[in-house]
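To start, I am sharing the structure in question, which I have written as structure tokens.
Chain IDs A, B, C and D follow the sequence of writing; residue 1 opens each chain.
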Amino acid sequence: MAGQTLLSLEHLSAHYVSQQGTRVVRAVDDVTISLGAGETLGIVGESGSGKTTLALTMMRLLPPAARIVAGRMMFEGEDLLKKSDEEMRKVRGKRIAMILQDPMASLNPLFSIGNQVAEPIRVHEGAASRTAWQRAIQLLKSVRIASPDTRVSQFPHEMSGGMRQRIVGAIGISCEPRLLIADEPTTSLDLTIQAQYLNLLRDLQREHGLALIFITHNLGIVAKMCDQLAVMYAGRVVEQGPVSRIFNAPTHPYTKALLGSIPRMTDGGERLTAIDGQPPDLSNLPAGCAFAPRCPAVTTRCRVEAPPEFVTEPGRSARCWLAEPMALRSSAA
Amino acid sequence: MASPSPGPTRRGILGFSAAAAMGVLPDTAWAAPDGQLTIASHVSLAPTWFDPAETAGIITPFMMLYALHDAMVKAMPGKPMAPCLAEAWTAAPDELSYAFTLRKGVLFHNGEPVTADDVKFSLERYRGASSKTLKERVAGVDVHDAHRLMIRLNEPWPDFLTFYASATGAGWIVPRKYVQQVGEDGYKRAPVGAGPYKFVSFNPGVELVCEGFEGYWRKPPAIKRLVFKVVPDESTRLAALQRGEIDIAYSIRGELADELTRTPGLAIKAAVGSATFWLYFADQWDAQSPWHDQRVRQAAGLALDHKTINQALTLGHSHLTNSVFPENFDFYWQPPAPVHDPARARKLLAEAGHPRGFDAGDYYCDASYANIGEVVLNNLREVGIRVKLRPLERAAFFKAYAEKKLKNIVQGASGAFGNCATRAEAFVVKGGAYAYGSYPDIDAAFAEQAAETDRAKREAILHRLQQLVHEKAIFAPIWQQAFMSGVGPRVGESGFGLIEGFPYTAPYEDLTLKGKA
Amino acid sequence: MTVITPPDAAIVTVASAPRPAAFWRLKGFPLIPILILVFIALVAIFADVLAPYDPTIGSLARRFRPPFWQEGGSTAYLLGTDHVGRDVLSRLIYGARVSMVVGITAVLVAGGIGTLLGILSGYLGGWADQVVMRLTDTWLALPALTFAIFLAAIVGPSELNIILILGLVYWTRYARVIRGEVLSLKQREFVRLAIVAGCSSRTIMWRHILPNVINSAVVLATLMLGVVIVTEASLSFLGVGVPPPKPAWGLMMADGKKGLLVGYWWLTVFPGVCIMLMVLSANLLGDWLRVKLDPQLRQL
Amino acid sequence: MKQYILRRVGYSLLSLFLLSLTIFLFVRVTGDPVALLTEPGASQEDIEAMHRQFGLDQPLWVQYWHFIASFITGDFGQSFYYRTPVLDLYFQRLPNSLILAAVAMALSLVIGIPSGILAAVRVDGFWDSAGKLFALLGLSLPQFWVGLVLILVFSVSLGWLPSSGSGSFLHILMPAFTLGWYFAAAHMRLTRSSMLEVMGSEYVKLARLKGLPEALVIGKHALKNALIPVITLAGINLVVMINVAVIVETVFAWPGIGRLLYEGVTFRDFPVVQAVVVIGGSMIILVNLLIDILYALIDPRIRLES
């Protein structure tokens, strides 16, 4: 399904700089990712691994203390970093949309559902409020909300969590974006609603030819939904590639540990592999590979020198010395 | 200036919204209408002052009485007892009755003639200050005809006319039929009198508007409209005067008065009322207290630098006196002039056993006159009498003063009308409302004069009484305060000081605007 | 959320030095306000040594002397003399002491009562809460000034009464804020834990609730200091404040106000500036504290 | 809904009862009104007569009963000083206080809210500090001083505005500004902290993610939520402005309720003081109820259940 590349991040880095400029947190460090139109990329990692910061960097909506310090963000052939604030604003919500984690808080309590769904349409397409309102009703129908024409004038507090998340989804796709970034969209939903929502997202993707980026720590969702997968640790992409290839033969020890910690029906009585130690402190990372302190296959080289990203197969790479022998060529370009 | 908005009914108000109110405010024309005099009063005008029957025995109500009403006999320029509604009166030889003949052709504002029947009604309905004494001493009133009547007394009362004319409102005449028709409260809301000005409208605490009464017997008032505005803050009154928004500003004191004299077009008018101020040594009858010693009391009197205080606080307009009795009172005895001699004061204190002075505790005063207190404090300290100023809020001060709770030094004052006898009764003699103690010889003199019918003999006794008060240094008099007011450029005759001992503008019919008839 | 800087500088190198912490910026550490407050405190403490004259003694001969730089003024009375001839500078110095004492004690009184009742009503709820809340409602209808005049009338104005009045009037604001804090604290886990662990409500209030409420109490205190000083000045204007001849800034302003119209501007401008500096500094300090200690503090 | 109203009315009555009791006792402790209305020289009999006339000679609880009865029947009795029914006095002055409070509140919101928003949005910009300082100045300068300086500048020297009194719109400007400026700081501070909190919320983040212009994000989404607590504060302050503008009313000779209360207290005019305070108390309760209803209108989440 490799459509032509829709989005390609090249050596993108975004750091938080503290007030006095002394402490620098490398939240996103030298990330290179690409995504074709209509494809689904999963970004996985523990909390604090920089997943959300990466998403906000893509939308150029970082908090004041953060700055993009290196790299390029090519989207449909244009470098988003070159765009002015005003031009970038026009991209947001129109060509790239994002959904947040907490549906309860994502909708403004004081405005009606219709108002909030129709808003991007009014702003980006300058549609008259009448037509925008009708489009909103259509959108509610497309996200399978029952009796949309009554729901449209109701208020967020009159909706259940699942319905609200679907409304947020409707807002996301309201302007036919090319890319939809979902930041842990299902964490606060219970399982049954979660499955419905994921199917909905897949249908929307198929109907609208959407590219999807899934930010989650739930590998089950990745298995079910994603074509590509990128595993992040301490702000860096430690392994990425097709889901099927990585699930069967993970290269990076952290990916192995992650996959090992999922209980499977087939496992019988084996103990789940847990990763000992604490997640790294991004402000003073150890020399060498960030995962070294917790890595079962650690070598002295790992502690001294940070491994570059080795491309082990076309479209697949890992940032670990173990992958060096399999490397096609060094991607240290 | 029109009043801010027509009196809204209670229902109207409840459905009221602030925005609607904006529309209600009429935009007043800025140039004051021709023939209007605006007076800014320092104190809120009370409707009780519109009704002579309720005068509370303080001087302020007479500000209104002189405008709206007229009396049988009242103080007028040059004559403390000028005949007004009563053309003439004669006292019977046994002094048990007074016959009055009324002036003919005098009308009330509503056109009704002023008759003896109204005079009888006004006297009997009087319930203000000293009404009980009047009720006890007046046997009755006989109306002979429309213009002649006789007032009978139970016992000879030499002070009857002073009480009837100046100390109370009993002699100020109201129309009987009208009062009975509208009732007490109705009368206060729309008073009708026989004075030079008619009542037009009153917005409590804000503004009183009156208009000249052409039919006034003495002469038609020169100014068509008279407006009293209430402006409580002294600085704001001065500012309004400087801007020409008002023509007369009552009570401008201290440095503001200085400024007034320096502003071109404005003039300061001072009228020495009958308000004397003094230090009262409350503990002089207590043997342990240093004030028991007469020399200490005299020393305190000598410490006071009367001239400088007068110059600083009232630009030298106040009358420096050595007596607690106002000079314009009947039976006044002229004491030797006040002396400022700190050296002799220290010598007296040393003789009395206080070579290095002494701590005299608290100096109580009415907070509104704390400025006098602050200055006297310094004078006393210079001779070694160290006191701590304790200003009390006005009502609390009078309450404590009357309940005899105050100690050491009390900065007392009284502006009440009357004569030396009435003043002595309240502050000097045994049983007086504000006398903390008394001396037998003074009490004896007071009892003697009360029964004395012969005026000359009575005057001699009262003089002796005042001399005793002075010699015993019961008080240390400060001054007879001048009431100072500011007068704007448009005013011709301001009416200040015309009537001796009256602080406000009067008689109103004599007031004129410059360039107008 | 400010977005990334304009396109050409999209790539911001970390090396560019962060903007220097300008002193006058309010977000930064309120150095100047603290300096002012410390200065006023020092002047208050060493008033006896600093003041050239006795602030309560004056003579009419030398009244209304302008400050020394104006003609007619003399270096003997640097900031001029007042309507009774007392040295303005000495009165300002002693005035600092009075304002500090009145201000701080009044805030402590208000804070003490308010915090106590706030905690009680917030934590215990039920009738205690109702009583305190009803009290605060009624107290709101009885404005500070009416209160002051009542008390001044009953007992006669004195420094102690003023402190009592200000304390009694402003405890309601304290109680409301602290009660709000306690209500939200009560839901927090550690309090529930303490209850489950069987602590008596008294210990819970003392060891758990109080420390957490101190922040808001301190912040409220700094903000209240300003309000209390200004109210004291207004009371003096109405004649029911700190009694003369005691030198208090509020009273000096009230006495001096007549001078404004007359050209004796210094009588009221100097105390006015002192009050403004003190109140402004207290408020700025309060704002900074508020952000530092508890940014969510909304009720203030 | 009904149960909620009943409870609210219950609490209000309790508050009013407490208030009336406090003010009733307080006033009587302050001293004897008759002493003020008569000259120091007045005889004892006159004083007794006046006591009887005012009904002050009866035992306290009888007086209190009369007061409560008069409160219910709406006739608050006669003012000792003005000798006119208290309610007439009150309603003659109420419009002035309402207008003054309305204009002052408008001014204080115009100063307070924008500077609060600026302070929250452009943290530490020049305008943030300027707005904050200007609002704080209003809190740091006593009202009588501000008033007098305004009179000095705009009335005496420039001559644009009348120095005092009421009558035309020109009269309101200075008193309203003096009164409003004092409350601006409180409104600024609350708007600022409320805006800060709202701007950190998820729905504002989503609004930005939708690509809405900053003005819409702040002006529509953030502002409406942030203003809810400000309404409460403004409501209470409005009542305070109506009842307690004593200083401003004295300096500008503005005939409002504040001065009526102050005069009532200084003259120990019990009926006036009692009436103004009790009506003031019920005004506060009314405003609180109005604010709650306003809440329900603005915030759909709030239903008026208990």
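The rule we apply is simple: a residue touches a chain if its C-beta (ideal position, glycine included) is under 8 Å from a C-beta of that chain, and two chains touch if they have at least 3 such contacts.
Not measured: the values here are computed from a predicted model.
S.K.: Need the central chain here, defined by C-alpha centroid distance to the all-chain C-alpha centroid.
M.R.: Central chain: D.
S.K.: Where are there more C-beta contacts: B-D or A-D?
M.R.: Result of the comparison of B-D and A-D: B-D.
S.K.: Relative to subunit A, which chain has the most distant C-alpha mean position?
M.R.: Using the mean of the C-alpha atoms as each chain's centre, the farthest one from subunit A is B.
S.K.: As a quick test, compute the distance in whole Å between the mean CA positions of subunit B and subunit D.
M.R.: From the centre of subunit B to the centre of subunit D is 37 Å.
S.K.: Mind checking the centre-to-centre distance between subunit A and subunit D? Centres are C-alpha means, answer in whole Å.
M.R.: Result: the chain centres lie 54 Å from each other.
S.K.: Could you grab the centroid distance between subunit C and subunit D? Build each centroid from C-alpha atoms only and quote it in angstrom.
M.R.: 21
S.K.: Going by the touch rule set out above, which residues of subunit C reach two or more other chains?
M.R.: In subunit C, residues 1, 149, 153-154, 257, 260-261 touch at least two other chains, as defined above.
S.K.: Can you tell me which residues of subunit A touch two or more of the remaining chains?
M.R.: Correct list: 61, 89.
S.K.: Give me the residues of subunit B that touch two or more other chains.
M.R.: Residue numbers touching two or more other chains: 235, 239, 242, 393, 395-396.
S.K.: In their complex, what parts of subunit D are in touch with subunit C?
M.R.: 11, 14-15, 18-19, 22-23, 26-27, 29-31, 123-124, 128-129, 132-133, 136-137, 139-145, 148-149, 152, 156, 185, 189-190, 193-194, 196-197, 199, 205, 208, 229, 236, 239-240, 243-244, 246-247, 250, 261-262, 265-266, 268, 273, 277-278, 280-281, 284-285
S.K.: Okay, in this complex, where on subunit C does subunit D touch?
M.R.: Residue positions touching the partner: 1, 24-28, 130, 133-135, 137-138, 140-146, 149-150, 153-154, 226-227, 230, 233-234, 237-238, 250, 253-254, 257, 260-261, 268, 272, 275-276, 279-280, 283-284, 287, 290, 295-300.
S.K.: Which residues of subunit A touch subunit D once you look at their complex with the stated criterion?
M.R.: Listed in rising order, the residues of subunit A that touch subunit D are 59, 61, 89-94, 97-98, 100, 102, 105-111, 119-120, 123-124, 155, 157, 168, 171.
S.K.: Show me the residue ranges of subunit B that touch subunit D in the complex, using the header's touch definition.
M.R.: 1-2, 4-5, 7-10, 13, 16, 18-19, 21-22, 24-28, 44, 46-48, 54, 56-58, 127-133, 185, 188-189, 203-206, 229-233, 235-236, 239-240, 242-243, 245, 393-396, 398-399, 401-402, 412, 414-416, 418, 422-423, 425-427, 433-434
S.K.: Could you list, by residue number, the parts of subunit D that touch subunit B in their complex?
M.R.: Residue positions touching the partner: 30-33, 35-46, 49, 78, 81-85, 87-89, 91-96, 98-99, 101-102, 148, 151-152, 155-156, 159, 162-169, 250-253, 255, 259-260, 263, 266-268.
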